[in-house]
Amino acid sequence: MIIGLFNDWVVVVLMMIGLYIVIAHGNLIKKIVGLAIFQTSVFILYISMANVEGGSAPILAEGIKQFSNPLPHVLILTAIVVGVATTALGLALVVRIKEAYGSIEEEDIQHLDNKTQDETEIQATEGDQS
Amino acid sequence: MISHLPILQVIVPLMAAPICLLLKRSQLVWLFSLFASAIAFIISVLLLQQVMTSGVISYELGGWEAPWGIEYRIDKLNAFLLLIISAISTVVLIAAQTSIEKEIPKEKHTLFYILYLLSLTGMLGIVSTGDAFNVFVFLEISSLSAYALIALGQDRRALWASYQYLIMGTIGATFILIGIGLMYQMTGTLNMQDLSQRLPEVAQTRTVFTAFAFVIVGVCLKLALFPLHLWLPNAYAYAPSIVTAFFAATATKVAIYLLIRFTFTVFGLSFSFTTLPLQGLFLLLGLTGIFVASSAAIYQNNVKHVFAYSSIAQVGYIIVGLSTSTITGLTATLLHLFNHALMKSAIFLALGAVVYRLGNVQLSSFNGLGRQMPLTMAAIVIGGLSLIGVPLTVGFVSKWYLLTALLEKGWWPVAILILLGSLLAVIYVWRIVEAAYFKKPLADSVPVKEAPLFFLIPIWLLITANIYFGIDTRLSLQVASAAAQSLFGVSP
Amino acid sequence: MNFSIEVMLQLTIVIPLLTIVGIILANNRPNIREGITISASILLLFIVTSLYQSLLSGKNVNVFWWDIMPNLSISFSIEPLGMLFALIASFLWLITTFYAIGYMRSHQEENQTRFYSCFALAISAVMGIAFSDNLFTLFVFYEVLTLSTYPLVTHAGTEKAKQGGRVYLGILLSTSIAFFLLAIAGTWFITGTLDFKQGGIFNPDVDKAIAGALLVLFIFGIGKAAIMPFHRWLPAAMVAPTPVSALLHAVAVVKAGVFTILKVCVFIFGLDLLAILPTTQFLLYLAGASVLLASIVAMRQDNLKARLAYSTISQLGYITIGALLATSSGVIGSSMHIATHAFGKITLFFCAGAILVAAHKSKISEMRGLGRQMPLTMIAFFIGSLSIIGVPPTGGTWSKWFLLMGTIETEQWILMVVLMISSLLNIAYLLPIPFHAFFSNPLPEKHDASSSNHESVDLASNVDQSQVQIKEAPWPSLLAIGITTFGCLFLFIYPQPLFDLATAILASGQ
Amino acid sequence: MKDLFAVVMLLGIYSLLSASFFVAMDAVDVAFTEAAVGAGISTLLMLVVITMTGRSEKTTRHKPWLALLVVVFTGGVLIYGTFDMPYFGIADAPIHSHVAPRYINESMKEIGIPNIVTSVLASYRAFDTFGEVVVIFTAGIGVMALLSVGRRPEEDEKTTAINDSMHEEYLVIRIVTKMLIPFILLYALYVQFHGDFGPGGGFQAGVIFAAAIILYTMLFGLTTARKVINQSFIQFIAAAGVLLYGCVGIVSMLNGANFFDYNVLASDPVAGQHLGILLIEWGVGCTVASVMIMIFFNFAGRREMQQNNEKVNNIEGDSL
Amino acid sequence: MDIIINISGALFLLIGSFLCISGGVGLLRFPDFYTRMHAVGVTDTLGAGMILIGLMFYSPDFLTFSKLVIILLLTLLIGPTTSHVLAKAAMHNNLMPKLQQEDNIKETSSSNY
């Protein structure tokens, strides 16, 4: 039982590390790194699912009968590319946020947002009184 | 060509996007994307007729039969959704060129249209596909273009909102991916129809429970159901108005479609509502969502925030309708999908017109707008009334159906709570009406003219649709009840 | 124009809508605009009377517009109670338009176009309510009435108007959405149909508790009938100009409320089921309480319009009691009271408006000795208050008489006592006004009026100075007041058509 | 771990490790992609971003409790879910018995190429890959929408000056890369067309091709690289790739079969499959390569713009 | 005949892996960045080269043999370049070799880098 499911538990541990990083860390780049880890662990889940004991890579060659399942490989090819696309877009956003806010820490950004929020409210209340 | 309609529905906007990249000039690109969206709308109308007459259409991509290749299954449910999405996108596109002149720098207009078409393709793809993994791929297309579109907003907070949406969206999508993976592991197939046949045998295993839980949480993240809605208000408030108008009416609807498709078709009604306490959970979350979001909407200064929170509340109504899991309940849910799309796109387009003239949507700058922009404000008032559910508007029809569904279930207290919820809607709509009609404009504010024609045509098109479908509900009702019955396996 | 009855029935709703278009087109030419409104109201009155003739000759008719939802349709038909309400509304619309022309012109109110168009929209909603064939159509037009009267109530556009409008709409919308819609949905769910049917649509063995609960929901839901807990909107609507108050109190809004209560009690529950419901007794006492409390509060109001508002609340209590007594005389009494109260109250409001316009006085304490300057208005006020109190020369007597008979029939002694006391209270808060107007001199100026009401030495100086400007109200207002006063008297002398209509409610099968 | 540079390096190593892990699990195609795309491009992009946003993370107290709660709960649910999973590597698991056998047994007859992953990728589930190409295209457009800088002022003499100063400093690496780049490009084309027989295919080829160009850009400066491959040309290639992929489907539709049914592309079905797969692999290769280059150019362009602004500010600062 | 090939192949593999281990140990033990980089340099070029040559002995057919030769050439080309670039980058970030710093303290003469 333990050996059979060992792969899945490793996947779960990796997934949870990724999720922890995304939620706990304030730095935006670290969040994207966490996301990448989270996604890679899902890839490992799919591939460990596809593996067959004693089977070889899914390339037809004479003499080999047992192949690992090609379908998850296709799915993961797509998922890797999707992962990179998200990372690229995330990083572009980080660059723009750095330019706009001057920092890539969640606290600073939140702080700056709240400040602008209060300013607009003060203007609004002045508007009402006038 | 008629037999190829399902795939043409997705391919037309998809191929239009790279072509737009080649066209370069933004005026031409706008017309071309409007043309593409219009064709998508016509196709969806034809599809709906075809489905209503001849039942489910199945289209095997690549010629490979169902579980091996990818299959497009169009039944009444997703034909209805296709119609909503393509109709809203065509109408919103009409106002796009004038709106983004003031909100997006010149050289990014072409990119804006490409991203718009890609997100349209993503949504159409999600709704029409019959393959679980294909849903994930097209979900990513629509989400990625959504992140980029939201980040095009003027305000720097749009970047931060888009980043948060990216993180939450990717976690949601990965949850869905995990769910699909676990389902695939237990059944060996990815085709939804095939899954629904093979899942009952393995239904009692713990893996299928986890798969179901992950898929539902992933979809609820995209749906902005109450506890997972944190990304929605900022994303809708700071995005360009056209983007908000389009996404407010369609993005959550696609996620709700996914929820319905997974709970009813893939996992089967008995599994999803009896074995797991989903019914109670949805009811609880829906109701808390209504009250928390509506009361939050009352205290917002930015009008876009107000209607973003009201979108979350309306999603709460839909989820409560879903939790009844009866035919009338599902009909009420589908009706509210259709009606809410009409209401929200009209209101956000009107807000787009206000942003076009005033530059911001703070409640204080709304003072005295009733006289300066009478038609736009009238549209917002009628949209607000339809949100409240006043008779002769679409809101009333879906509220009435939700009430009868709840009474049929015997849930009297829930019915009362739903009505109290719509009273909260009265308060935040009237805050805006009072600001617009009773307060004098600020001393220093420059008087503004009425919104340009390109805004007024789509806004008033949607408002008349709002009223027309409130009176003649034949179309929306017939399709919604037929779809609900087909989901329950009852031949209509 | 001898169109078929069906066409005329639909015309009653369509004509006011057409007038809105006419009014908006003739925006900046007041005379044409007023002309359109008057001609439309005359036309409407003519059509409604011809419909009345056809009703008398026994022809009933059913018009079906369309189905909003399967077997939930917008459809109309004529039945005596609806006809009574439509007659009053169309007749009084004509009068109020006359009055409004005089009032608006002399008061130089701005954006009158919006006033007249909303007024016409309200009338078309009233016609819809009067002739609705099922509860669903009635609810649709009920909501349209609420929304169309909101711009009228907040006509002044001031901060106070906004506050009044907020209370007005808040209560009306919330009661209609939270209770009325729920009650309709409940009835629809239990009975499967919402069409009005003689003797009620609930089958006899329906669960009493649920039917009782539904009745409570209905009574509380119909906020327009201003039952005690949900009456706040009526005094709050006093910010509106007088023609609007006249419309609110006498012609449309309040009448629609009690009309709906009558319809629900007679045609949804049916009198025999109503009698045995557990909650009817509680609601009777509630209505009684609202009658008494409103009269007591009315006595202390110094502002004339506020006093009239609270008196309306108490009069509505009468009609609700009549409806809930679940006897034929009760129903007849309350339906007649609709008519008599309409004429009486509209006269009082017109006089209040005339005093406001001519003498710029709204406080009762200032109206002492006004009779000499404005004799006609004060006489009309006197006759109007007599009709409200229910004293012989005016129509009010009949309706109060039948209400009393109703209470006696059902041995509701407590309610009989309540009716008696409240009639006395009516006298207490209405008659002093004309009495002081004629038989006592005006008090010295406000600043020391509250300290002592005896005539101070320098009385003569300030009397002449305030006396000079007051003269009678403009002639259109006087014309309107004259007609309505004559109406009160006429109802007493020749109540027969009204009585036939009232008795026909219970007798005629649907 | 305050130094982001170390974090990114470790992520690169992690991707490489997972690539080798995939090889151990007989998923060669996936390993290739993971190594090329995961380790190569994403680490590269992160490094570029770090140069722009600063290397060190501010020491802030991050909120562990909420995160721990969520993580432990989801982890628990997942562990709960793994108990009924088929054990690792047993042959009779449901996924090996339902859909996969047809791919393994019939793909040689129906499509005729040894690499089953490519046959599934390109023919059985061609629409998935089409969606994937569109995802890449969207990412490219998204990054361009976010980071694209207006028309850069053409100052030739300044760039040549930089070029020369860089020249003597990076002499060694420039010479070596000059030797290597042709081989990398050749290898990319080999991977492109070898996809049918061994691991490889459009994605990996595109990425390797882009890696070569990016290497060139890093060393010889963005402006010279832009002279070699200008922006609009890349955009054209990106659009052309997606359109090529779509047109293959439309052609098969015009010939009467369903979308992406290659049997009708040529006289005999298997040849049609070959042609179809070749074409769409080519489409994928073009799109991926051009999009990766476009993304890198945008990032580098943004960085250059930031540096120019800093220089301009410094000059103003000094001159004040 | 093939016994000799096997033995020599095994021998090369052994040497190669020994070099890799020594490089790893060196990486841990050496005090300074540059010395550590030298250890990595060794494993990167020589160790990998040895293993590749060992593998050549085991290669079944000419195709894999030629592939291995190309890989060997490439590693010999890329290995030293990467170490060069690594060292240049370190110098660029003015990371002083350890020994150099101690001399400074003793002679207090500034290094003229």
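Structural remarks
Just so it is clear, A, B, C, D and E label the chains in written order, and each chain counts residues from 1 on its own.
Please note the rule applied: contacts are C-beta pairs under 8 Å (C-beta built on N, C-alpha and C of every residue); 3 or more make two chains touch, one makes a residue touch a chain.
Note that the coordinates shown come from a computational prediction; the quantities given were computed from them, not determined experimentally.
Among the remaining chains, none touches chain D as well as chain E.
Within the contact network of the assembly, the step distance from chain B to chain E comes to 2. Relative to chain D, the most remote chain by averaged C-alpha coordinates is C.
Of all chain pairs in this entry, the one linked by the most C-beta contacts is A-D. Centroid analysis (C-alpha atoms only) places C farthest from chain E.
Overall, the chain located most centrally, as judged by its C-alpha mean against the mean of all protein C-alpha atoms, is B. Separating the CA-averaged centres of chain C and chain E is a span of 101 Å. Centroid to centroid, with C-alpha atoms defining each point, chain C and chain D lie 76 Å apart. Between chain A and chain C the centroid-to-centroid distance comes to 67 Å (mean Cα coordinates, whole Å).
We define each chain's centre as the mean of its Cα atoms; on that basis chain A and chain E are separated by 35 Å. Contact with two or more other chains is made by no residue of chain E. Residue positions of chain A with contacts to 2 or more other chains are 15, 19, 49, 71-72, 75, 78, 82, 85-86, 89, 93-94, 96. Touching of two or more other chains is recorded for residues 133, 137, 140, 144, 147-148, 151, 178, 184-185, 190 of chain B. According to the touch criterion at the top of this document, the contacting chain pairs are A-B, A-D, B-C, B-D, D-E.
Residues of chain E that touch chain D in their complex: 74, 77-78, 81, 84-85, 88. By the touch rule above, chain D contacts chain E in their complex via residues 172-173, 176, 179-180, 183.
On the chain A side of its complex with chain D, the touching residues are 1, 3-9, 12-13, 15-16, 19-20, 23-27, 29-30, 32-33, 36-37, 40, 43-44, 47-53, 55-61, 66-78, 80-89, 91-96, 98-99, 103-105, 107-108.
Within the complex formed with chain C, the residues of chain B that make contact are 385, 388-392, 397, 399-401, 403-404, 407-408, 415-416, 419-420, 422-423, 426, 430, 434, 437-438, 470-474, 477. Every residue of chain B that touches chain A in the complex is listed here, in rising order: 133, 136-137, 140, 144, 147-148, 151, 156-157, 159-160, 162-163, 166-167, 170-171, 174, 177-178, 181, 184-185, 190, 301-302, 362-365, 367, 439, 442-443.
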